[in-house]
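Following are the structures in question.
One chain, subunit A, links the two complexes that follow: it is found with subunit B in the first and with subunit C in the second.
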Partner chain A sequence: MDNKKNIEIKNFFIFNSSYGAKENEEYKKILYYYPFGESTEIQIKNIGLVEGIVQFTETFRPSSYVSSLHTNKLRQLYFQPELNFWIVMTLSVPLVTKIKDSVSSNEYMEEDIQDNVYEAILSQAYYMYRLFWGTLEQTLVTGNADILRNRLDTFFNAYLKTVKLSNADILNLYGGIQYLPLDRQTFLKVQCFVNLLESSYGCIEEITFLYNEHVIWSGIEPNDMKVMYQYLIGMLLPANIETELQGGSMPRNSPFATLKRGRFITGPTNLKQAKTVGTVPRVYLFSNDCFKEHHLAVYRCLSATVCIFIKGDTNLTLELFKELDELINPRLSCVVAEIAEYCSKQIMPSITSGDTIPKFIYFNKINLAYKSTIHLDNKQTENSTCSKDSLKIMADMKDQNEFLGRAGESIVKTKNDYWVVGKNSNFREFYIVLQTKNANLIKISEEVKKLCDNELKGIFFHPF
Partner chain B sequence: MAETNHSDCYLELSSDPIRFEAVNQLTNVFFDDSNKDVFAVRSGGVMGVVVKGPKGTKPLNFRMEDRGTVLSIKFSLDHKILAVQRVSNSIELMNFSDETLDSEYSVSCKKNSNILGFVWSFLNELAIVTDHGIELYSVIPGKKSFKQLKTISATVQWFVWCPANKIAILASAHGSQLQPVAIKQGSINKLPKVETESGRMALERDVTLATLYSTPVLLILRHQSGPQTAEVHVHMLNGAGQAPVKSHVLKLGLSGRFAINLVDDLVLVHHQASRSSQLFDIALPGESDGSVKYHTPIAPAKSFKPTSIVLPGLVESEAHICELYSPNWVVFQPNIVIDAKLGCLWHISICLEELCDQIKDLGVCTQLALKRSDGKPVLLKLLLDTITQDKPPLEKLNESFNHINFVYRDWAENELQSTLASSPPSVPLPESKTNNQPRVFIDQNCMTEEIFQKINSEDDLTKTERILTSYLSSLAEYGISAQYNLNKLLVTTLAKQEKFTALQQLVQYGVISDSKPLAVFLLSLGNMHASSNQMALDMLARLDAKEEIQEVLLSEGQVLSALKIADDTAQPRKFLNAAKNADDSTLFHSVIYYFRNNPNFAAKLKQDDRVVSYINEYNVIFSDCDTDK
Partner chain C sequence: MASNIEVEPGATKESVLIPSECLENFDHMSSSLEEIKSENNSSVGSTYEESNFVNSNTDNFEDAIDKEENGSTPEYDLGNSTEWTSKNKHIFVLSSAGKPIYSRHGNEDKLAWLFGVMQALVSNIQSSDDTLKSIHAGDTLFVFMNKKPLILVAVSKTGECVNQLTLQLNYVFNQITSMLTLTRLNKIYEQRQNYDLRRLLAGGERLIDHLLDFSEKEPAFFLGAVQCLPLASSVRDSISSAIIGACHKIKNLVFAILLAKNRLITLVRMKKYYLHPSDLHLIFNLVQSSESLKYSQHHWTPFCLPRFDASGFLYAHVSYLADDCQACLLLLTVERDVCDVLSEAKQKIVEKLRRNNCLEPINESIATPEETAVNAGFAEIRHYLYKCKSTAQFYQPSLAPPYSKEKMRLIEIYKRSNQQLHNTARPLKLIFERSANEAIFSWDTTAFELYVVFEPLIDIACAIDFVTKLLNWVKKREDKLFHLNAPTF
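Here is the complex of A and B:
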């Protein structure tokens, strides 16, 4: 019988290499260390090792620092988000223990850890921290190292619990955003609603509008939105929907649902009883290379989520939230009803055709939009319609993209008759998985062309 | 006089009234509302009759014999026959030319009938209303004779005539029975009766016949007893067979004496006690009980603006401030006020701008202005003023745009239908064209010129962006596609704010419509943000503009990609040049190789002298490996 040990975080630590230069003061370098129980001695040792590796490898390639270290049992990933600050994550390589003739043998699945995928997870952790606390340097400027240590503790102790390692794939590389397809008219209704809200209150800087888990309008830059989206989809909304369901709320598609009032899910969640504004998270956006601090008030009504970015220096009052609620609620419910109506008309008739749905992932580098027919949800479960190998091939192809120039194509055939085709053109990437027995390159090309013609309507995609 | 007190007045009497001799012991004054003539009859006509028609017509002056008190006096529609009523059973007729009256002949009504009045219904057709009905005569002035065309019998106590629609209301049983009658050329038709609450009486002065929005209407002022206030019931004569249908009720909220005028399809109700007038528009939305719409005044009741006339004084002429709502006032339809004691005839006009100031609600103002004959400049100014405010009310603007575009869409649909109908080269219909044109028509060009180009967009780009979006949203709501200039303005406004994320979303969702010029414009923004290149290429792909895409790819040095989408009309020279400039001999080879091996181009390549230099260059580079065989 085979026994499999999954990928795990062995340790995760943050340090500043410019601290504690003197002997016996090395502990000062440590800003955060997981697991908690590890002795300071080991922590210092591990940091020292990383510093050593980084310095050593720099000799060979001064242009960029080393990003990962492979060993038989471990994989260490390095990320320097700010000058002198390092975040290091060490993963245990998945292990399969085979028992043959009552002799067990260990096989480490090194291939299961793709550097670029886990590097993305590492940097994502930092960006999520930065969204709520700003840069590490900033905390040092406005506070001190102890405050920083506290913040990192609070944040990462909670965050690391939510990190899903085992089903990470090419989607982590993108950190993409799913947009809702909508007709012009309904979209303009949303747009007008957003404009009305923004113009009514000078303190509202930006607004983002989601329907279920899809973005319809985002006023913030894609790079900020990417992190924001992960926060909303991965943390805030699931937690909220859970409480909504616990409260015995009606099923989402119930006709009574329209009667339901919207409410704030950050800030005063129950306006009638609220005495204070409650907790409104502060977020830092980084548009045009500068920080902007905002209060993040999130309003939910039916399936719509409206994120309101209020200027950081605004004094939040209960009155403001009440006014906003008065303004938002009647208008938003109308807008949502129209979106819902549009969406209900769009139910795909494709399933009836009998064909299997083509398996592809589409990504636009400009607005970070992605679409996947391979992932059935965006919860990173094992729910995918193609083999893990194919997904791995895609992530590998993506790494090679830069060699293809503005437009290019790569095709891989696997042993089990899978064909993985990656194309990039006009700042977009398109990956397709086909399973055809006894196919050849021409046949595959034809099929891919058909698929492109179908799925990539209305955009310019290089001919191949 | 405190001018400021009157700045909020929205009603105005014409500044140059038609002046006539005032009523006194010797002079009687008559008004004929068919021709809009004022008759000043001195001493029964012996001392002269002065007739003043509307502005621009020459006053007539003549004398006639005094044969008793004149009860009524009216010219035929062409002013060639004068009809005078002095007794209760006959009308005297006189042919009129060159300011002199010719021999007299008279028409008598049936025996035992009393004449209540008469009207010239058509050229040389005289309708005499008696207490027994209507007698219609054709007058033959040359022969000084006449011929009876038609009579109808009905009990009549009084009647009201509408010259514009040639409709009369015959009242009996103290006005509780109202019978509309249409007088056509040579005939008279009874229309279905006005249905009123049974036994409800009405006075002659409380009944008004006029036209509202091209439909003949009957307005009945209903005084209420007790604490209730008066109402005006509006019966539209647009049912089957012109049957009157009570469709609107105007709630006056007052009681007392009222008079009604109609100005530019608005109903104006004057109230003498409060010396103010209320304004109603039946086209505006009102509470409805399914069949009748209830209206309240569209603005606070106001008095007329003060007006004065110049009167001759002892030494020099002096200004006389006219008394407004004077007991001597008599009103005529549609918008005439006569003060017989003063000898003045005014036309009422509405100052739309002041009226809108009073209303304040932009949505109502828009609906109102859209239906007024002089509404366009007022509405545009109102929009511009609203937009240039510090915080323009977006929702109200959107509502206003919707009203405007509702009219715009209707017009566009009509236009489309008429072009479809006349698709074979048929006779153009200039008449129907002018009918199609709404009173106030504001299209995209007009909005661009009068509003968007006048907003100082540099000042507040966000505002321009929001208002443009609102307008585009309204256009989309009515299925009107936006023109290039608006699209470009939106793109420019966003680009100036570096809102490329927003721009991209707007393009993605089709808010900004595709066009080649816009794609070119986006390309020109390419150095500001990579997204505009992507958007431009997508747009060109949607427009299937292969040639333009080729150009873009060539300019980016993507020679092979450009070549792949090129068809047989491609110019080899362009590609060769691009390949040469790329300084990539493999690429250069590929391009030449492609053209040489494509039968469509192989011949061309040899014919074109300008290509020779490239081939020579190629031969130099690849002299070692001769592939030309």
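Here is the complex of A and C:
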């Protein structure tokens, strides 16, 4: 019987290579180290090895610093987010143990770990930290190394538990955002609502408006939005929807009113009973190379989520939240109703068999928009409509994009006789999986052409 | 698509070469020498302790005084050596103990510290019962091969992948083995871990240097195949029979190989014994990198074929046919003292070839470049590679614009496609890729591999049509382009 051991985090550490230069003070370099039980000696040794590798590779003047190290059993990934700060993640290579004639043999599935995918996960971890705590350097300037160690501990101990390794794929590479396209009228209503809020309160800097898991309006920079979106979709909203579902007894008492009534999900979540403003996270948005601190108040009503970025120096009071609630609630429920109505009209003709839906992923580098009919949800579960291998082939193709230049396409047929097609042009990427029986290259290219016409009307691809 | 093509150009029942998968594991080595000797009752004793052909001094293991123990070699200041750092591929060979053996660029002694670092990295990872394979840093890829008793390292900015660099390192290892035999190599380090192998390889750097250049620009290496000199099959057959006629009575002659211009003319082998393409590549390398062969009557040298038998030497009689025919004949035997017999046989072969008018066709083929794809009637095909898997032979047309001036870019395209088809975890059957520069069609079937580079705007249906026609074209000429008979002594 075969036994498979999945990819796992073997260790994850952060250090500053300019610290602890003196002998016997190397431990000062360590800022964060997971797993916690590891002896300082081993921690120092592992950091020493990374420093050695960095130095060795620099000898040959690579175009960028070292990003990964492959051994038979492990994969180590490196990320230097700020000068002298290194974040290192070591993964165990998936292992298949085959037992044949009562002799077991290990086979390490090295190619199962795609560097580009896991590098994206590593840098994502840093950007998520930075969203809440600012740069590492900043903490050192305003505080000291011990404060930094504390913050890293608090953040990463929790964060590492949420990292999903085994189902990571090309979507991690994009860190894309799903948008909801609206008609002009409805979009204008959202815009009016956003403008009203912003102009009513000087302390409100930016607003982001989501419906379900789709962004309708975002005032913040795309790169910030990318991280923000991951935080909302991956952490904040799922946790909240769970509590909403658990509080199932509430609607019975006051059936409609409670349901329709919106509420803050960060800050005072129950305004009637609240005595303080509760916890409002601080976030750091980076634009034009400088960062600004904000309070992040998130308001949720029906399926809509409104993120309000309040100036960092604002004194948050319960009054402010009550006023906001008064202002937001009646207007937002109207806007949401209209969006819901619009969406209900747009529902695609129902599809009966899963096989007939074209399976594709689309990504636009300019606005980070993505669309996938391959992933059935946003949660990185096993839920996808095509094999893991075809997703891996897409990530392989993406790695080759540079070679194809600014515009190119590739069509490949796998050993299992399905086809994966990648197109890339004008900063847009489009990947399709086709499982047509007995197809040939000509048929496939025709099918892809049809698909582009149907699904991506008006999006410019080079007319190959 | 497979259904409308039934031809398998270049296929044959019995192959002159062992069919190879291009990136297969090289660890497997057969042991044939003992067998041949015992079967034929060879009078010669063990050849293992044979002295080395590149270094006629018999070595004394005791006298090794390490150069750096003398303490006067300054470190290379790489900060100022942009020339060194800007090389697009470095290859290093060191002993497991970290002793420098070979560096493609720069002086190993001055780089001793770097060899030390590489050894430290390898052994550090080894200490946790693991093996260092590669390091990735932007455009630079570091590949490590720990092949006891040596460590080989490639540092490349060429865009080649780990498997391809590993293949190249394997060739370097095999080249070293071919000069020493694996048995001897192991014995040396068993006896003295700190041994400075350069003393034994003196002069061998040239072969490694040449092998590296050679393997970078020749498709033969990543395809694991050889290209033949186009000759009418009747001519090729009569050349083979001339060789058989002159040699069949010579005991323990294992292979007779005739080659020219980096192409195989014929290969006659002892029954039961086959040559692996990678061994043949080393032979090509030996001939190519030894200009002096052209001016000497013959050359007699021990030569180990690592895939054939890594434990001992064969002896090669190497000579050019005649002043008026620049084809090179190699006669490989297990006997160490039959040089004269083989010289005599060679004379007979040349006489026979001359009498049968075989030298002119060879000369003519050497002088005539292959047709370009366009000249052969394939208007939108710029270049292609066709490899017949069962015979480990391939064919390519002459270079045409735009690649006549950028051959390396073409080779890179092929290497990339080859790697995509043979991806270890996710192999593919077929790829059609289009960039602004070209359209590339790659196809891996059970019988053959085909890589075609088209004009970038070609229509897919049109491309398929060309592919079908191309396969038929090759099929029609297979007698000429490939060595289809597998003659034996």
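Simple rule for what comes next: the second predicted complex is superposed on the first by the 446 of 464 C-alpha atoms of A that agree within 3 Å, B and C clash if a C-alpha of one lies under 4 Å from a C-alpha of the other, contacts with A are read in each partner's own complex, and residues count from 1 in each chain.
Assume a contact is a pair of C-beta atoms (placed from the backbone, for glycine too) under 8 Å apart; a residue touches a chain by one contact, two chains touch by 3 or more.
Quick caveat: nothing in here was measured; it's all calculated off a predicted structure.
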When subunit B and subunit C are modelled together on subunit A, clash or fit: fit
Subunit B versus subunit C as contact partner of A:415, first or second or both or neither: second
Touching partner for A:218 - first (subunit B), second (subunit C), both, neither: first
If touched residues of subunit A are counted for subunit B and for subunit C, the larger one: C
First (subunit B), second (subunit C), both or neither touched by A:204: neither
Partner chain in contact with A:191 - subunit B first, subunit C second, else both or neither: first
Touching partner for A:452 - first (subunit B), second (subunit C), both, neither: neither
Geometry of the superposed three-chain model: angle at subunit A (Cα centres of subunit B and subunit C, steps of 10 degrees): 130
Partner chain in contact with A:407 - subunit B first, subunit C second, else both or neither: both
First (subunit B), second (subunit C), both or neither touched by A:361: neither
Touching partner for A:30 - first (subunit B), second (subunit C), both, neither: neither
Smallest distance from any CA atom of subunit C to any CA atom of subunit B, in Å, after fitting: 6
Doubly contacted subunit A residues - partners subunit C and subunit B: 406-407, 464
Subunit C to subunit A touching residues, read off their complex: 1, 78, 85-86, 90, 114, 117-118, 120-121, 124-125, 130-140, 142, 155, 157, 159, 162, 416, 420, 423-437, 457, 460-461, 463-464
For the subunit A and subunit B complex, residues of the former touching the latter: 179, 182-185, 187-189, 191-192, 195-196, 198-200, 217-222, 225, 288, 364, 366-367, 406-407, 426-428, 458-464
Residues of subunit B that touch subunit A when the two form their complex: 391-392, 394-395, 398, 463, 466, 469-470, 472-473, 476-477, 498, 501-502, 504-506, 508-511, 530-531, 533-534, 537-538, 540-542, 549, 556, 558, 561, 564-565
Subunit A residues touching subunit C - in the complex, by the definition given at the top: 49, 52-53, 56-57, 59-74, 109-112, 115, 389, 392-393, 396, 400, 403-415, 417, 440-442, 445, 464
